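In the part that follows, the structures are each spelled out as structure tokens.
Shared chain: chain A. Partners: chain B in the first complex, chain C in the second.
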Partner chain A sequence: MNTLTEERTSAQGRGRFRSAARRTPGRPSIVCGAALLLALAGAAVLGPLLWPYDHVAQDRTAMLVPPGGEHWLGTSRLGEDLLAQCLQGLRKSLVIGLLVAVLSTTLSAAVGLAAGYLGRWVDRCLMWGVDMLLILPPFLVAAVLSPLLRERSWLYMVLVLALFQWMLTARVVRARTVALRQREFVTAAHHMGAPTLWIMRRHLLPHLVPLLVIDCTLHVGAAILGEAGLSYFGFGIQPPDVSLGTLVATGSGSALTYPWAFLAPVGFLVVTVSAVGLLGEGLRRALEEGRGGSNED
Partner chain B sequence: MKTEHTPHGSEPPPTAQLLEVSGLSVTFRNGVRSGGGPRRAVRGVDLRLAAGQAMAVVGPSGSGKSVTASALIGLVPGPAVVEGSVRFDGRELLHLSDRELSRIRGRRIGMVFQDPLTALNPVIPVGRQIAEAVRLHRTTTRKEAREEAVRLLDRVGIPSAARRAGAFPHEFSGGMRQRAAIAMAIAGGPELLIADEPTSALDTTVQAQILHLLDSLRADTGCALLMITHDLGVVARSCDRIAVMRDGALVQQGEVARLLAAESAPDGELGELLTATRQLARPRPTGPRPLVSAPDVLRVEALRRDYPARGLPGAGRRDGVRAVDGVSFTVAEGRALALLGESGSGKTTVLREIMGLRPPQAGRVEVLGHDLATLDRADRYALRRRMQLVFQDPSSSLDPLMTVADLIGEPLALEGEPAEARGRRVAELLDLVELEQAVARARPGRLSGGQRQRVAIARALATRPRLLLLDEPVSALDAPLRAGVMDLLDRLRGELGLAYVLVSHDVHLVRRCADDVAVLYRGRLVEHGPTAAALNRPRHPYTRALVDAALSTDPHTERHRRRVLLPEDSTTPTTGGTGCAFRPRCPLFTDLDPGSRRLCAERDPSPSRGLHPSRDPSPSREPHPPRPDATAWTAACHHTAHSAVVPAATAPTLRP
Partner chain C sequence: MTSLSPPRAAGVRAVAAPSGPPAGAAGRLLRRLAWRLGLCLAATFTAYVLASISFDPLAELRGQQPPPPQAVIDAQAQRLGLDDPVPQRFLGWLAGVPHGDFGETVTGQEIGDELWRRCGTSVRLFLAGSLLAIVLGVAIGLWNALRDGRPSDRMSLFASLIILAVPVFVLGTVLKMLWLPLNEAAGTQLLYFSAETTPGADHTGWAAIGDRLRHLALPTLAIALPQAAFYSRYQRAAMLDVLGSDFLRAARAKGLRHRQAVLRHGVRIALIPMVTLFAFTFGLHLTGGVFTERVFGWNGMGDWLLRGIQDEDANIVASVTLFIAVLVVLAGMLADGVLALLDPRIRRAGP
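On to the complex of A and B.
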């Protein structure tokens, strides 16, 4: 009995990061996900610079050209090059996904830490807020707000998406923090006279980083899908801007007649979200094994 | 009882063996848990145990002693390969199917675990769990099994067993739970009892009871005992043979009476362990420090702390749980005061009250001349750095993700020291606690327990405090490491002129390291005085029981000592009670006449210097007579005179 606990503590002490990091490169899901994501991001950033066609340029001579030849993915009803459009849309979708993920993860970390560490009324108020937001149907709220957002920048949509994504992570962060707060090293820091923010930053946050990294990754996927959903129904990105969501929306009209206009953005969407999911899932597994299956922090 | 009389005492006739283990190896398979790669936890262990014999398996943590015990009964935790041979009563156990094995397990081999709370199912009444165990081993009716369970509970010394059988495990105290677990283990009438650290989680007075129970069970039923322990005192007290393990191998084996005898000095692993344990049990070589009338660093007066007692049985609505009640002591610069007591005595609460630097609920606490009741924020902040705390278990009090340099430097970083100055101070501190500089870059997980505690001490010293609060500073460490850490603390106290408040349950440790001792029982200060005096000739019956329950490593003394076993008291001390709190367990109380008893029941004893003899005992029996400025020796008992008459157990009375 003693042996096992001893071994486990020392394994834990060696740092979960390092042991997780050591395992990380070998995991096929992480490698595939990361490679795919990098390739997509590279294409989205560099593609529009290298591809000869602009995503808004309309080629009257080539409308609804099927894939192949000059236009690799074909053209739309208005003669826009679909690859150019998809790359541009991907760019926007990725940017939105990243921004939303970073924003919502930061928010969940802050709220979870505050609620878990400070406890008492802070905890009760914050968790009440979390519960309230969990009750509201995000899509409906976004739809209701959309007339207000329509004239404003797409950045407001990022805010709305982030607002509805942080709650579950915040709950997990709070639970972890409550467990961490009872660990002796936190008490020790408190007795040393460390102020609350110091304890949060130096002793609580480092233990939560793996969790936050994973959740952040998974949030990217969720945000991209959320944006696509909103844009599909016309609540999200407004023309002339394009995102994968708006492209799917425009393409959907001709899904049965000229399927390439629909399938191209859908393909990009599916591949991107899958890549993010693969990466996040792989990281989560690596972390869990790094923890040796024990429930401690 | 012993069967071997061969001159070397190690090769008994093979026919008499109840348990024969040869070449037992346990290898944990490739797993994430073992950090990849197979790990051999046990390598080629040979053990022999005759019927009725008691054998102890000792060794430092991680030496494979627990894995060995679980391998014997086919319960190795996790995926592992077990090789070798385990013969029980002539039958090979290792390759039996689980089904066949469970016919032996429980019925012929009983198991007792370290933590009885996890060994008992919390949602089933204790009596029913034991009845279940009975029914597993015998075909009886439900009713008979229930009656047998009550008989078993009675046998293991649970008072009013018939009523108690209906209680749930959480309604039992720790000692009673362990008794219930033992009752379960003996339900099948086993020939061999395997006990894995059966008393490590218990208080010393309770440990004495449980060991006594195991002894008497062995005498009655003639069952053999295989006891896993790290405590040589337990071995000396109740085992015939000892086997020492290290790194999964059995390195030494022999007769307890011979190996542990006072004059013997075995070599190897056991020698190391024995020397370390004896060293801790001996009073400090330097003797108490000379007393110059040093200023008081800490002054506690009539400190009190209650907790709300919602939902506790037997507590009135107004009552609170009395955690600390009327505790007073002072600690002068350069002195060490020990708070001695068992779990629930309030010693940790006292420490927390001081460390918290908040105004006390009642009473007065003065730290370095500052009254806690009138502290403002800035004072509190300034005081924090002058007083530091060292926790019991360094593996949990050090953040596992930080490097040693960051850990030690943290209190300095908090004060805004620049990184360079911090680095210099960290190097200095590492020297001070006798650690190599290279340790600075490691994380605590890579260090040994002793090194970790040194890091924790270094961190506490970073801000040059004047008062250190030590919460059981070595009880999480293996015996050989303890002496080193205590020596270090002793040296630091002398060199830096620190004052210590040491919280401990270990009489030996207190005797060795503290100048003064304050014995706490249920939040009350029952005895307070110079350590040498108070622990060598205790006046309060509770102190005497504590001293008495502390085990020495000498089997001769241990076996011929007259013991006073305290009964258990599982009630919670509430604020509503009157009279002496120790009354229900007091061995003295039972001998008193009704008039004196009434005094105990009605009046709270206040600390007094004793009725007679005079507070200055005869110099011949008192090695260090209290000087005028030494702590006065007080005991809170109405009948201290009686207790003082009976000599304490340091010079144990030999049975005629």
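On to the complex of A and C.
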């Protein structure tokens, strides 16, 4: 009996996932978003290897050169090649975005499942924490902690960003879990003596995977923007490291006079984040249609 | 449960129904108020503790050349209360708050005096921006839902994706860049790029209001656009949910025209998840206000927060956090009130 329930639920979860996946490739927003992201990621990985200029090399004979010619995107105030800088910055921003998204989605799944399934005081405590963290803007916390993080690796910043970005998803996961908990297959598994962690992992989590995938995508964009905000005010990535945020910060001082130094990193930032958004939106719609409007869960 | 969209509104809706023993409407409101005040204090405490751990206000003194005598450093540490444990410092700070005493900055100025001035600046800016954003976001979202899949819907979806991908500090600068040619074409400053009023100008009456509005326009737009894009997406999803619902079909079946049914029954229900969404994300949107103040040179709370962090000043951080927390709590109370207006179930019984 136990295995039967398991098989049914996991097959159900997989089946829905598969039906969404079947619909996925054809959607223009998913194709566009994924293609753009792949192109950007490829450029970020390969670009610095292929492009002749180094992102820290300063050419004092070519300062503030407008775009075109030798330097495709122009040069900065110190004569650094902007394309090389942007590619390097994009690399860092993408890595930060991915790491933060994976960490914060994992955290929100764990907290949401625990609060929704265990209920009672666990639920109350966790949701109280969530509500409190929702009051504290993540930017504030990360900026306040910046004097501590300044001397350390940027991985600590990833940790801080992840620790303050999971709350909304956790709330949605909790609400979903509360609804799932009352379904027969969960009750059955519980009465057959399945351990709590097993129920969470094998019976509840499969139903949440699509939601988590979508939110993970959206978290990538939010993390890239969050990092850019911190770095813009000098609380994030420290020189000589560059990220898109530090480049925007450097360029914005002269945005009205030498706009290319500002617009180049902004372009990369906006295209990256909107590609992520496009992908997330497409996935969400694919999932909705995959359900065919049924009232399931 | 209804369909997935809007992804967050689903969670938010479930939260809107408070659990616990049944009580009168007044009791419920009081309980929620107490809960929220507790959250306020906890958030401020967290910020204060994090700031105290992270900041080292004596670093600057220690780094001076020639080095100041140890007695000077000790005196400064004593003045800032750095010898006491952090919770005790927090309680000392908190004890002053009800009397309007928010402590001193690192440089020895009273925080209380400056706080009220900066409060006013921030509230003026953020209130105008948020109101505009809510009106725009709800209107665009509803319109898009009614025009589901048509070119106008796709266009605004695309536009909102782009706007949400632009950080607020970039948006402010871009707005300046876009407006600059217009200012130059007009030969005068039609709209100003920085500060709250023209420094030195002594306007009165309408001229003063006009001057303020011309300063307010661009930063308000910078605050409003991302929020409007955000709200419109969720409003669209919420309205689509309602359009496919049984009760709307029932309203049509009893003989209402489509327009009547949508306006009289649909919109009200579609607004309910938005109200809770507003309460939940209000704190996140405040960050946009911080950036905007910096970009446009407004001396508000956001600007102060950034300055406080740069000066490593825990008292300023705590004061600004308390301000943010109070705003979030007020937004939550407002949302409760509006929910009661929109949803008769909440108004009548109280769960």
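As a convention for this text, the second predicted complex is superposed on the first by the 281 of 297 C-alpha atoms of A that agree within 3 Å, B and C clash if a C-alpha of one lies under 4 Å from a C-alpha of the other, contacts with A are read in each partner's own complex, and residues count from 1 in each chain.
In the analysis below, a contact is a pair of C-beta atoms (placed from the backbone, for glycine too) under 8 Å apart; a residue touches a chain by one contact, two chains touch by 3 or more.
This one's a predicted model, so the numbers in the text were calculated from it and none came from an experiment.
Asker: In the superposed arrangement, which partner chain does A:Leu269 touch: chain B (first), chain C (second), both, or neither?
Answerer: second
Asker: Can A:Ala189 be said to touch chain B (first), chain C (second), both, or neither?
Answerer: After superposition on chain A, A:Ala189 lies in contact with chain B alone.
Asker: Which holds for A:Trp198: it touches chain B only (first), chain C only (second), both, or neither?
Answerer: A:Trp198 contacts chain B only, not chain C.
Asker: Name the contact category of A:Gly277: first (chain B only), second (chain C only), both, or neither.
Answerer: The answer is second: A:Gly277 touches chain C but not chain B.
Asker: Mind working out whether A:Leu140 is in touch with chain B, chain C, both or neither, as first, second, both or neither?
Answerer: In the superposed model, A:Leu140 contacts chain C only, not chain B.
Asker: Using the superposition described at the top, determine whether chain B or chain C touches more residues of chain A.
Answerer: Of chain B and chain C, C contacts more residues of chain A.
Asker: After the superposition on A, what does A:Gly229 contact: first (chain B), second (chain C), both or neither?
Answerer: second
Asker: For A:Asp131, using the defined touch cut-off, is the partner it touches chain B, chain C, both, or neither? Pick first, second, both or neither.
Answerer: A:Asp131 sits against chain C, while chain B stays out of touch.
Asker: Which positions of chain A sit in both the chain B and the chain C interface?
Answerer: In chain A, positions 293 sit in both the chain B and chain C interfaces.
Asker: State the interface residues of chain B toward chain A in the complex, per the touch definition above.
Answerer: Listed in rising order, the residues are 32-35, 39, 41, 61-67, 77-78, 114, 196, 355, 381, 384-385, 388-389, 391, 393, 395-402, 410-411, 414, 443-446.
Asker: Provide the residue numbers of chain A that touch chain B in the complex, in ascending order.
Answerer: 1-4, 6-15, 17, 19, 183-185, 187-189, 191-194, 198, 202-203, 206-207, 289, 292-293
Asker: Show which residues of chain C lie in contact with chain A when the two form their complex.
Answerer: These residues of chain C touch chain A: 1-5, 7-8, 10-15, 39-40, 42-43, 46-47, 50-51, 53-56, 157, 161-162, 164-170, 173-174, 176-177, 180, 244, 280-281, 283-284, 286-287, 290-291, 294, 305-306, 309, 312, 317, 320-321, 324-325, 328-329.
Asker: Would you tell me which residues of chain A are touching chain C in their complex?
Answerer: Touch list, chain A to chain C: 128, 131-132, 134-141, 143-148, 168, 171-176, 178-179, 211, 214-215, 221, 225, 228-229, 232-233, 235, 248, 252, 255-256, 259, 262, 266, 269-274, 276-278, 281, 284, 287-288, 291, 293, 295, 297.
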